[in-house]
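I have placed the structure first, in the form of structure tokens, so that the comments after it can refer back to it.
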Amino acid sequence: MKYHARIVSLVAALAASAAVMPAQAQQPAAAVKLGIVTFLTGPAATPFGIPSRNAAEIVIETLNAGKAPAPFDKVGLGGAKIEAKYVDEAGTVANVVTEFRNLVQRDQVDAIVGYVSSGSCLAVAPVADELKALTVFYDCGTPRIFEEKQRTYVFRVSPHATMDNVAAARYILGKIKNLTTYSGINQNYAWGQDSWRDFDGSMKVLAPKAKADKVLFPKLFAGEYGAEISTLLTSKSQMLHTSFFDGDLEAFIYQEQARGLSKRMPILMTAGETVAWRLKDKLPDGTIIGARGPSGMLARDTDIRKWFEKIFRDRYNIPPTYPAYQMVQSLLGLKLAYEKAQKNGNKPTTDEIAAAFKGIEYDGPAGHVKLALGNGHQGITETAYGTYRFNKKTKEPEVYDVVRYPAECVNPPEGIDAEKWVSEGMKGAKCN
Amino acid sequence: MSAILAVENLEKSFGSVVAARDINVSIPAEQTIGVIGANGAGKTTFINMITGHLTPTKGTIRFEDRDITGMPTREITRLGISRSFQVAQVFPTMTVLDNMCIAAAIARRRGGLFGAIATPLRSPDALAEAEATLELFQIGLYRHTPANTLPQGIRKLLDIGMAVVGWPRLLLLDEPTSGISIEEKFSLMSVVMTALKSRKITVLFVEHDMEIVGRFAERVLAFYDGTVIADGSPAETLEQPRVQELITGVKLKAPGGAHA
Amino acid sequence: MDARNEAGHDGGDNGDASLQQRCAFVLTALAITTDGLVYAAYLFIVAIGLTLIFGVMKILNVAHGSFYAFGAYGAATAVGLYVEGDINAALGFLFMIAFAMAIGVVMGVILERGLLKLVYGRDEVVVVLVTYAVFLILEDVIRLIWGAQSYPAFQPMVSAGNVEIGDLVLSNYDLVLVAIAAIVAALAWWALKFTRYGKVLTTVIFDRETAAAFGINVTVVYTVTFIIGAALGALGGAVMAPKISVTLGIGVEVIVLAFAVVAIGGMGSIEGALVGALIVGLCRAAAVHLAPQIELFVIYGVMALVLVARPYGLFVRAQPRKI
Amino acid sequence: MAARAHIVGALMFLIAAAAAPALPDWIVSLATIAFANALVVLGLIVMWRAGLVSFGQALYYCIGAYTVALVARRTGFTDAIGLIVLGGVAAGLVAALVGFLLARYREIFFAMLSLALSMILYGVLVKSESLGSTDGFSVSPPTFLGYAPHGEALGRSLYWLTLGVGAVAAMFVGGYFRSLAGSLATAIRDNEIRVEFLGVSVTGIVHLKVIVSGVLGGLGGALAALAIGHVDPNMAYWTTSGSFVFVTILAGAGSVAAAFVGSLCFEALRSLAADVMPDLWQMTLGTALLLTILFLPEGLGSVVTRLRRRGGAKPGTLT
């Protein structure tokens, strides 16, 4: 009997906390509750979680104050102030899914913006549709999300990762004429494996004569790359492709510099932009960097971008990196959809917002987005790569030889799986 | 009648050290045999080989006309040879009854491991068997006492009881009275021996106290340097000069006489 | 560079071609050895503290990962300091190590005196979980002290420069790393063989009952050992800090790595940790050069194989059962 | 005594089952995952009684989960009960296999070897891109003997199924503890030599325990896979095993029911911590674990046992 007493009391406690939340949610005149999920702890917090959280905080403040430039100048979302609740993405998928349910059902949020890990996104997507919860993925890269299944309440403004590596292949081939051998070092997990598969696939299509030389997959967060660097040094490769990010990327750069690998072959870093501002002159000149879309150093110099960079710099004294851009891009997309769905100032229903979100098209800090794929749920943008150099005079990083690739050039057309599209020769790619 | 245990030129060596050599012994059923010898004379090695804890380097061990040389301990036990230990080996965190029940349940279980799942610990007849044995060794009073709080003597009795509960035909007692005060020794041994006699068990007991040997053994095996140097009735064996010189180290008037 | 160009030009002549191949082979062999040694050095430094603590105290210390992390963060902080007040590199490096190990010592004292002594005598595995709890807590403590941003500490490695052997370029810092590992190993060997405390330790490792019987104050031995172990863990973090980006979660990876090495060598055996580290290091290097696709399995593969052959690791024998 | 335990257990079960419709959906799904994990914990308790702790229980958890996910994906067979049985069997077979190896080890060595084995599986899964590598893949919603619920109904059905499986497992394990094989656990922990000399193969008994706990782990993983709707290699990672051992300590080896209560408390605690202090939840969990070890050495189970003892019942009657 004691047991069930315990259970009941426990359940009561939980239920109580559940009951309280919605009550709170109703108090301020129909505030819009947003759940924002990203890595607040663990290795992915530093490069992705924290910048994104910072971006969300400053932008939501500005939106609530109605100080954002047109067309984003309405207060909050369609006049209703935004209440954000931040949740950690770290932990097992079980934790991630549980916390998602808690946000929707316990905290009664109106929409969720978040998720960095593709694993989280794949796990959350079906639950979101099951619970009819409007969800905007902002950073996770895998194209599988909208290829495996039609989604109803799930959207992703940020383009998927295939684009990065197709563009990477195009850029390096433009840079090194008659390239014959290339190598790759990618972390041994889904993101690294997919990145290499797409890059290698694109190379096979675009430069059939070129051969992949060393294909290295060190453990995620391995930290020690001596052996990998030796193999590359003793290889005949003409360039190196890597999708490393943050911690591992920095470690690799320090270690390869101590052994002059970048003097032998240019290194292409699909996520290089995240570390540029921290490494400054430690990031070797001539490195080719991408920002997973036209973000950060590779963004076009539009007013909206200037606005975002300014508010971010003013608050945190460093320029925003691409995860921050993707967070803002997603928030603004949600805002537009919300306001498009809104009739005479009332709170629109989730279905109305979802309907309005479909196929939406707008300009944000990370360029011009069009939800063209996944039946209007997956965004595509142009993308850009550039070559890095540290400006000794301004003491600031900069990119030159920037090449921009139109969305249709580096993204598959609607209805074809990215992997298939690449392996079948990227049919229908429109590069101007 | 034929011997219950027949050992032929048994030998055990650990590398260069020879712990036992050409031991030849034949034991008729229901005999009670005392094994004497200084420490390291090979007594325990002898027992360990019979119970399968050690595999002989040479020679054969036959139990009830069946070669058991080099069989694993548990199979030998199931055949009907069981042993007690110099240091009582019981389950300290369990009660005396549970100790006995486990032993009883194991003895009565059928069909290997999955039999062990099927067999309940406290089946009525296992329980009865356990109780009976407790009474037989006169430790019923301690039924619910955890074994780790038992006085030395009782623990010894429990140890032996657990060996007996499965109705073995041959029982090997390794120094049953070690760690027992002089006063208790005789009472303990008489309890044990009456119990064993009542179950018609052949007994082989290692003992340092010659009075005990003289009192309870019908036959004595004297070990020295890994082999048997004398084998016969207590009287004649203990009288042999070599035994006295090498083992007992005293002159005895008669069995059961005074002894240093 | 030029070496490769020549190679590139005269592909036609067979004699040279075979010569070329031989050179390539020698170079690869050399690379495998050096890479293996460097990785082994890293593994040994992180594993020795763990195996020492286990040998003496029979504690499998999960918090060893935290010592590593704190060492790394401490080192990064120290490097930050000396880069400000531009001290010369060598001094700065020593300062970095000293600073990190000091942190290790402090943590060691606090943990052993403050917590572990409360759970001595409890089930081995329960104690492991205590250290696991400590590890969880310290993960967030790091966050509270140093925040979520990552810390660069590359200066020592970059200022150390490098040497060229044909196509192969070796970082001097890596060689320093190997030297440090060698020194640590030598010191440990010397300390255990020739110092009084070392002899005491060996007795305790061998048999704590007898040790106690000989009037050795086991409590003190425990405290000292744990502190040394903690300091060594921090040392591991310190020497790796210049090679990595010091950031959240670096402790987790190290724990399992160190566990594997220690399990291979035999838990509680110093020479075991050394040999284990060498085996894993060389195997991994060979895998990366010759068969990259199996790299991920090398460590656990080796571990499983060794344990199948020798349940208690290479340098520990199974205790014979007493009767 | 056993009878009384059954009554208490049955009551708990009925109340837990009846409560479902009254509870908000998020609590139901939290409880489902908690009870699924409780099965794994039950397996750990089985071994712990013999003084063995596995730091690699995630191996069986992950096997169970992936079996369900793969069968559902490849064959389109979606019956929950069938899938769960398959998961349990698969994990059982793996356990039977690795048992030949594990059964020779004790103490920390047992823990370490099981850890190594689970990490090898992790490595294999990370390597297998066809299974989505670290991203894993989703599990199609199950059916129940032809009945195919959606949304809340699905959640409840899974909850009830988990409860059901949990109840059956609890009864089996309870019976196992009362059996000879079960009681030999303590005997083995106390004195292996004596067990051998009584005529039982210690290795055999340990092997048996590995298999039993493996099956339980597989069932837990299978249920978790259905409840989460997604599987990924992290299910085999050592930290997953760590959290299972964590819950075992929290629950204590004292009783079967404690596994379920302990697991529920753990999930609730983790979730509340993540809610209240999203970036310090690890610290919260660590502290909880420390306090339990220091002040509740026998785990939550002991609290109840004490209360019951005060209530006049014999100790340990729940086991």
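Each chain gets a letter, A, B, C and D, in the order it is written, and its residues are counted from 1.
Basically, contacts are C-beta pairs under 8 Å (C-beta built on N, C-alpha and C of every residue); 3 or more make two chains touch, one makes a residue touch a chain.
All figures in this text were calculated on a predicted structure; none of them were measured in a lab.
Chemist: Counting C-beta pairs in contact, which comes out ahead: A-D or B-D?
Modeler: A-D
Chemist: Report the most central chain, judged by the distance from each chain's C-alpha mean to the global C-alpha mean.
Modeler: Central by C-alpha mean position: chain D.
Chemist: Among the chains here, which has the CA centroid at the largest distance from chain C's centroid?
Modeler: B
Chemist: For chain B versus chain D, what separation do you get between their C-alpha means, in angstrom?
Modeler: Computed value for the inter-centroid distance: 44 Å.
Chemist: How many angstrom between the C-alpha centroids of chain D and chain C?
Modeler: So the centroids are 34 Å from each other.
Chemist: Enumerate the residues of chain A that touch no fewer than two other chains.
Modeler: Residue numbers touching two or more other chains: 40-41, 188.
Chemist: Where in chain C do residues touch two or more of the other chains?
Modeler: Residue numbers touching two or more other chains: 139-140, 143, 252, 293, 296, 323.
Chemist: Listing for chain D: what residues touch at least two other chains?
Modeler: 126-127, 193, 279, 282
Chemist: Report the residues of chain C in contact with chain D in the complex, numbered from low to high.
Modeler: Residues 58, 60, 115, 118-119, 122-126, 128-130, 132-137, 139-141, 143-144, 252, 256, 259-260, 263, 267, 293, 296-297, 300-301, 303-304, 307-308, 311-312, 321, 323 of chain C touch chain D in their complex.
Chemist: Would you mind writing out the residues of chain A in touch with chain D in their complex?
Modeler: Chain A residues touching chain D: 1-4, 6-8, 10-11, 13-15, 17-18, 40-41, 86-88, 91-95, 97-99, 101-102, 104-106, 117-119, 122-123, 125-127, 130-131, 142, 144, 148, 188-191, 193, 197, 220.
Chemist: State the interface residues of chain C toward chain A in the complex, per the touch definition above.
Modeler: 1, 4, 8, 24, 27-28, 31-32, 34-36, 38-39, 42, 139-140, 143, 148-150, 152, 154, 157-158, 160-162, 167-171, 173-174, 240, 242-245, 247-250, 252-253, 284-285, 288-289, 292-293, 295-296
Chemist: Quick check on the complex: what are the chain D residues that touch chain A?
Modeler: Interface residues on the chain D side: 8, 11-12, 15-16, 19, 23-27, 29-30, 33, 126-127, 129, 132-138, 150-151, 154, 224, 227-232, 234-235, 240, 257, 261, 264-265, 267-268, 270-272, 274-275, 278-279, 281-282, 304, 307-308.
Chemist: Quick one: in the complex, what on chain D touches chain B?
Modeler: Touching chain B from chain D are residues 176, 178-184, 186-187, 189-191, 193-194, 196-201, 204-205, 207-208.
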